[in-house]
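In the two complexes below, chain A is the common chain; its partner is chain B in one and chain C in the other.
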Partner chain A sequence: MTTTTNGLAKARRGVTPGGPGRAPAKRHPTSPLRAQATRTFFWLLLPSVLLLVLINGYPLVYAAIQATHSGSLIDAGRFVGLDNFTHVLTSAAFWKAAEFTVVFTIVGVFGSWLVGLGLALLLRTRIPARGVFKILLLLPWVVPIVVSSTAWNWLVATPQSPVPALLHSLGLGTPLFLADPTLAAVTVCVFKVWVSFPFMMMMSASALASVDPSVYEAASMDGAGRRQQFTRITLPLIARSTYISWILMTIFCVNDFPTIYLLTGGGPADATNSLVVFAYRTVFQNFQTGPGVAVAFLMTVTLVVVSAVLYRQIRKSSVE
Partner chain B sequence: MNPSQTAFTRRGFLGLAAAAAAAPTLSACGGSSSSSRNSIEFWDMPWATPAYNTAAKKITQSYAPASGDRRANYQIIQWNNFYQTFSSAIASKTGPAVSTGAGFQAFQFEQQGAIAHADNVIDALKKNGQYDDFLPGVLEPFKSDNGYVAVPWQMDMRVFWYRKSLLDKVGAAVPTDWPSLLQAGKALKKAGAIGFCTGSGAGNNIGNHFLIAMMLNNGGGVWTPDGHLDLLNDRNVEAVDFVRELVSNGVIDPGAVSYTTNNMDAQWKDKQAGFGLYVLGLPQRVGDTSGDIMAASPLTGPHGDKAALVFLNNIMMYRNTPSQPSSEAFLVYYLGRIKQLWQQNLMNSLPVFKSITALPEFTKDANNVRILKEYQPIAKTSAARGTALRANLAVLDGGQAINQFTQTVLGGKTDAKSALRTFQSGLQSVITS
Partner chain C sequence: MSTVLHTQAAEAADGAAAGGSPRRRTVFEAEVRGRWWRFALMLVITAVVLVPIAVVAVLAFTPGATSTTTGFTLENFTNVFTQTLASTWLGNSLLVTLVTVVVSVAVAAPAGYVLSRGRSKAVSGYSLLLFVMQSLPVITSVVPLFILFADLGLADHLLGVIIVYVASTMAVATWMMAAYYDSIPVSLEEASWIDGCSVFGSFLRIVLRNSLPGVLSTAIFAFLLAWNDYLVAIVFLRTDVNFTLPIGVESFFQQNTTDWGSVMALAVVMMLPPVAVFATLNRYFSVGGIGGSLAGR
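Presenting the complex of A and B:
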């Protein structure tokens, strides 16, 4: 029985009876028919692969050329090696933008995840008009960012705006949500959480739906409380989906241009200047194409590294 | 099924698929350059309501070229990402032959060798009499060592506006100089209104223009007469100190640092703003043409200087054209017809031709008459204290350095010299020559 159970467990983990590792690949004799099929697949795939390489590869190669040259959008100019990278990496504005990007991303990812997960858990309970709430809660994600940023500007920008006016009437002063550098950074982060939580809510809801309710029943019978069920069962069982949503949201946050640009333009005094806004302003406002593209390259590399780390977490959580 | 027939069909299919996939790619690589087109491509921006573009398109389509010249084709280019649009098109040789665009765009593209100089157009305007119709001072800034970089067609003036009923309510006279501006501003502030309406929030350049205008108004400027950066001159320091005084007295709202043009429009519309610098046509912009919002006279600086800030919008020609004589012929034709745009009340800017300023459609607006009479003669570009426009002005006008400078000053958290020093070093690090 034990042997059978162990064998079954190994089989479920993908371990062959002969020992750990992959099962040896089956060897097929190479028949003319199979070779022809392979060639057909190759030729069928080739146009798509070529298009993908051209569509993705050409801009990447051209951007690499621009990042190592001193020209403009029209003419790449002369080769300057890594000077543009050195220039941006020694710029205080770049590091200030990087710092805000990190804060914005951390708040954006975990803030929206916490709100989204909380709402997804709440929507699992039997509350009245649950369907209506689900639709309403999706609105921040669905509404175009231009509309929502205008709405937020209307809500907080001037002393006469509803939120400052309300706070003033409560005797809490008249906070300048977009004019004070610290408050502006907080407002932009909160706005990001507001825009993004529906996505996290959907990801969490779909992950929660896949958890077998009998697991909770068993845990209850074993005496696990709600908190234990959440930390020991729910979170581990939705970990894979959570890591995926973190990766996606990290990419969304780091590359998020409109949320910041439409609400504050990166101000006041660069307080909300993220790397993507910094790159845009460097290329299109300061007309420094090389340094701007270099910033974009550095962002891409960082994102690849962060995504790789989180992807490893996904693989680990899958194995566990 | 016959195997050989199957193989043939498969190969045929693969060949077709490859051809279909390659076709758009190859055509994208080749592009459709202006030189391969028959018509003169004229790209125009949405300068006013859509009716403006309809009228401009009609003028373009009505162009009947002389024998040997080419017809013109009209295309609207949106302001959003316009620089990228133009740059990509020029780089791929699919750009326009003639275009309107941002104020300093012609100088940027001239620096990159993409602009065809307009000397022949100017000669043609001399022959047809339109050259003498230019208002004084509007053409000279476009003359570089290599020739005329572009031809002006309208002026974007920054104007001091006031709301009469608010000033009357607080018993303040319309400001005429800096002390009276401060006094009126304090009175407006005391009454709960905005003493001086400005802003430097997302996408709002009015705050930047206000600071430059105050420097010019005091006889200062960003550049020396020969085009070198000179932000720390005494007149500039004095002007920035005065703006800081407006901020510290609450005349400029502490939230102004983040106000967008929408916020400013609302403040003017809702009768909160008593005085401020804004664009031409403010009453129409905010939908209050009752006569309560009026253009004030230019202020007099503490040393007796008077100046206003103007942006000279222009039409430029590009070297990538199917026919340079055709581009020139079209531009001469178009400049001769733009009068219609003011006759149809489609423009929110000042014309550059005297004959248009005499049109009844233009003179019926008392604000227009005042601005033309009092502002235009003293107007200076952001090239002041120099006169010739240059590519670097694009970096000054929309760059990070000036945004940061304005937001720092309007935030009231630094002294004038420190703010100007940071501005100077920021600008120095990004200008090309």
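Presenting the complex of A and C:
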């Protein structure tokens, strides 16, 4: 956390109130104002920095300690070096969870993006009662996961539930959506897409709204068909925003806990065990703090690197 | 704001079609037909998407197996509120959410100003730090915090949960505020500085005063996070009188897997506030803001 304090010291020296936009702000001629602005900035940022250091920073340090100890929730245990990490990295359950996390994330990101973009494109055209659809379609994202997972449970959990019963009466057998390992994984992914597509729809809609319509006029005069207009104009113009929404959704999916845990609890036979669920169960059900925190720590390190790189990418692309 | 979406492209296309006078009628008719086809398609999609939510609403008002009444009933609601701690859970949830919203906005509003107006390396470094913290799994910080809070007597206490919520809303809340401030021209402030106003004064009287939409979208974001959270609550809150609604609903569901009416009644109670907030304030409800603010820094 020393970077933050160093950063603030720098801020005290060099910050000027600058205009919006990416250009470096012109130094204000009156230096008392600059000094005052720096002081004010310091105080305005202080609560946020304190929270970040105490509630986000401190646990990270403590997590590093826990990950190298053989403790439990009540006992710190003794130092075991990297034993927890080797234990975790050599266990089949960890790699299975990692694999499911990757599948879940890929399906979650691109599934919800395709559905969201499709609906945003449809809603951009003239449709009666468009505003009503737009609001109704956001509901899966607004309704608490606890509520929607309960509803999905009611719909698919047992052989007597409506969806299996309906499929049975259509002569398609009685699929056990949450009891069959493969099918449970599919169900969880579909549930995630159902929860997340409204987010992607909103992101796509605001990106599409910023595309200048005269571009399409010009294109259609030049004889570009609808498909060409979409692949050559729409997609490139919303590319940056799409990229950002993928990044955000990747983070949401990797870190997701309730969507999986409330529907399947990680089962059946660990088929829907993601890394977060795996870490949670290791700590709070098997009471192995060390290995559980080690899993969380491995995820953390990966995500810090990945997110720092992605953040640079976003900034770079926004400067262009 | 994502909801302020116009079909300029579609209108432009209409205009172009109306220009060709001989084909005008047929093109117009085709467009109207297309419109109704798309309407039918949207109707089907929306209906399918909303099935799980409709299920909750219908079952909540349907009498249970042991009930003597038929048709529409409020029995499930009276059952839930008289036989469980539902009213306590509801109160806890409301309290936790309200405090989280107020504190998040109070922390993020000034911090966002610095992110919006500051142009130094330190400020952009802080923005990066927020992004990194935001992308970390909550589970990493929850276990150490659980032990820390247990020492401080904050585990199994609503205050502990509130602190974690405020910390986890902070990054996005700060960006959302910053993105909104970006839309307020700095020239307004410059004028006030010349007149002798302090930087803090101009932040308060010029920027913050004109940022109600930004504050509202940030508040809605914090509201949804605190109201819907499951992971933090299940880790920290251990006694049933301290439960918030999500774990209240879940524990009730685990004990009564057959009494769907009561479970769904509780679910309705839980989904009503976010749906109500969303229905009244949906024009401030912008996820576009989250992405946009990220792109802008």
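Operating definition for what follows: the second predicted complex is superposed on the first by the 255 of 320 C-alpha atoms of A that agree within 3 Å, B and C clash if a C-alpha of one lies under 4 Å from a C-alpha of the other, contacts with A are read in each partner's own complex, and residues count from 1 in each chain.
Just so it is clear, contacts are C-beta pairs under 8 Å (C-beta built on N, C-alpha and C of every residue); 3 or more make two chains touch, one makes a residue touch a chain.
What you see is a predicted model; the values in this text were computed from it and never measured.
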Once the structures are superposed on A, label A:S48 by its partner contacts, choosing first (chain B), second (chain C), both or neither. both
Which partner does A:F79 reach: the first (chain B), the second (chain C), both, or neither? neither
Considering only touches as defined above, state whether A:W95 meets chain B (first), chain C (second), both or neither. neither
Looking at the overlay, what does A:P268 touch: chain B (first), chain C (second), both, or neither? first
More residues of chain A are touched by which chain, chain B or chain C? C
So, A:T40: does it touch chain B (first), chain C (second), both, or neither? both
For A:T150 in the superposed arrangement: first (chain B), second (chain C), both or neither? both
Touch test for A:F287: chain B only (first), chain C only (second), both, or neither? first
Residues on chain A in contact with chain B in one complex and with chain C in the other? 40, 43-44, 47-48, 51, 73, 150, 153, 261-262, 284
In their shared complex, at which residues does chain C touch chain A? 1-14, 16, 31, 34-36, 38-39, 41-42, 45-46, 49-53, 55-56, 59, 106-108, 110-111, 113-114, 116-123, 125-126, 128-148, 150, 163-164, 166-167, 170, 174, 182-183, 185-187, 189, 193, 198-200, 203, 224, 227-228, 230-231, 235, 245-246, 249-250, 253, 260, 263-264, 267, 270-271, 274-275, 278-279, 282, 285-288, 290-292, 294-297
List of chain B residues in touch with chain A within their complex: 10, 14, 17-18, 20-22, 25, 81, 83-84, 87-88, 90-91, 108-109, 112-114, 200-204, 253-260, 262-263, 266-267, 270, 272, 394-395, 398-401, 403-404, 407-408, 411, 430, 432
Contacting residues of chain A [partner chain B, same complex]: 40, 43-44, 46-48, 50-51, 54, 72-75, 93, 150, 153, 157-160, 176-179, 184, 261-270, 281-282, 284-288
The chain A residues in contact with chain C across the complex are 3-4, 6-11, 14-20, 24-25, 33, 36-37, 40-41, 43-45, 47-49, 51-52, 55-56, 58-60, 62-63, 66, 73, 119, 122-129, 133-140, 142-148, 150-155, 194, 199, 202-203, 205-209, 211, 213-214, 216-217, 220, 240-241, 244-245, 248, 251, 254-255, 257-258, 261-262, 275-276, 279-280, 283-284, 289, 292-293, 296-297, 299-300, 303-304, 306-308, 311, 314-315, 318
